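Here it is, the structure, as structure tokens.
Letters A, B, C and D name the chains as they come in the text, with residue numbers starting at 1 for each one.
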Amino acid sequence: MTVLVDVSIVPIGVGVSLSRYVAACERVLQEAGLHPQLHAYGTNVEGEWDQVFAAVRRCHEVLHEMGAPRVSTNMRVGTRTDREQTLQDKIDSVRAKL
Amino acid sequence: MTVLVDVSIVPIGVGVSLSRYVAACERVLQEAGLHPQLHAYGTNVEGEWDQVFAAVRRCHEVLHEMGAPRVSTNMRVGTRTDREQTLQDKIDSVRAKL
Amino acid sequence: MTVLVDVSIVPIGVGVSLSRYVAACERVLQEAGLHPQLHAYGTNVEGEWDQVFAAVRRCHEVLHEMGAPRVSTNMRVGTRTDREQTLQDKIDSVRAKL
Amino acid sequence: MTVLVDVSIVPIGVGVSLSRYVAACERVLQEAGLHPQLHAYGTNVEGEWDQVFAAVRRCHEVLHEMGAPRVSTNMRVGTRTDREQTLQDKIDSVRAKL
């Protein structure tokens, strides 16, 4: 099952500068072949269900290894059976109506 | 890795009454042994990472089987390495400060 | 416009123990008359749109006053025009189908 | 208080094609001067707290006027007092560590 996901990861207990942790997760998502599209409050990815959630799990593990005692992630997860749709399709579809 | 998760699942394209879909997912989470705690805008679960995300995947599959062409889920996902903490511990910890 | 909201507030840069900050926000929501229902990964509230978002703003202000340099909140926000529905109605509606 | 927000709006009860509703909200956010940055699973905005949440309220009202009986929105909301930060600053900060 293909899934489109938006991931926003927050390490807790490592102070106020989070960007190097977010960048570490971004590299995990890239290496997993999920084509991450970074925005200012998260990252869009697309892939097979198990592949995506294994990569997000790896993000949690990496952030813990970097010293974060707690990691809290917010995810939006979308699946559909009526037709195939990529991340770019979703953006194009809205832009066509603007 | 143990994970505490809050799941809010929304089937799209099946009209305005969503409760029987939410109930179907609730049963999936119960059968997976995740001790779901239903609230008005989602469900808290706790378990092993792979067990939890396999169950949420099953929720998406079941809702598609029930006729929902699209399913969109919002999840909050927490892990920690400093100590063990259950869902009830989190609630007790806040209540003790009220 | 009446709104049902689930609020999950995370202060960043204050270490790993967040419960006294969550409790402070809980008190703000109570004092605003929003009938907060605490769960393990957030709090359900209901009220008029402007009343609810003024209270969440006050939560951010209070947490900053308590010393949090950053505050990140995740919210689910629901409105409907087809009928009135309380937080308890939503829970009852799902439970009736279990 | 300046706020950075990511908004993901879902009309419920209007079928499976949501893009014209998302586009309508996008126009509301633009007209409110919030510089919306559309991505595949939401939109980033920045502005003053009351200005942002008045605009999101207007999105709910517009979608109801377009015929959606229910509207469910997920928002990530960030404030900070240690320094000023724009949406672009957040992206640049992560990219510098990639």
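We take it that contacts are C-beta pairs under 8 Å (C-beta built on N, C-alpha and C of every residue); 3 or more make two chains touch, one makes a residue touch a chain.
What you see is a predicted model; the values in this text were computed from it and never measured.
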Shortest hop count from chain A to chain D along touching chains? 1
Which of these, A-C, A-B or B-C, makes the same contacts as A-D in over half of the contact pairs? B-C
Can you work out the whole-Å distance between the CA centroids of chain C and chain D? 19
So, what's the distance in Å between the C-alpha centres of chain D and chain B? 25
Two-or-more-chain contact residues of chain C, please, as numbers and ranges. 13, 16, 69-70, 72, 74, 76, 78, 80, 82
Is the chain-to-chain touch network here best called a line, a ring, a star, complete, or other? complete
Please give the residue numbers of chain D that touch chain A in the complex, ascending. 4-6, 8, 16, 19-20, 22-24, 26-27, 37-42, 44, 74, 76, 78, 80, 82, 87-88, 90-91, 93-98
Chain B-touching residues of chain D, taken from the complex the two chains share: 10, 12-13, 15-16, 18, 69-70, 72, 74
Under the stated contact criterion, what part of chain A meets chain B in this complex? 1, 13, 49-50, 53, 56-57, 60-61, 64, 69-82
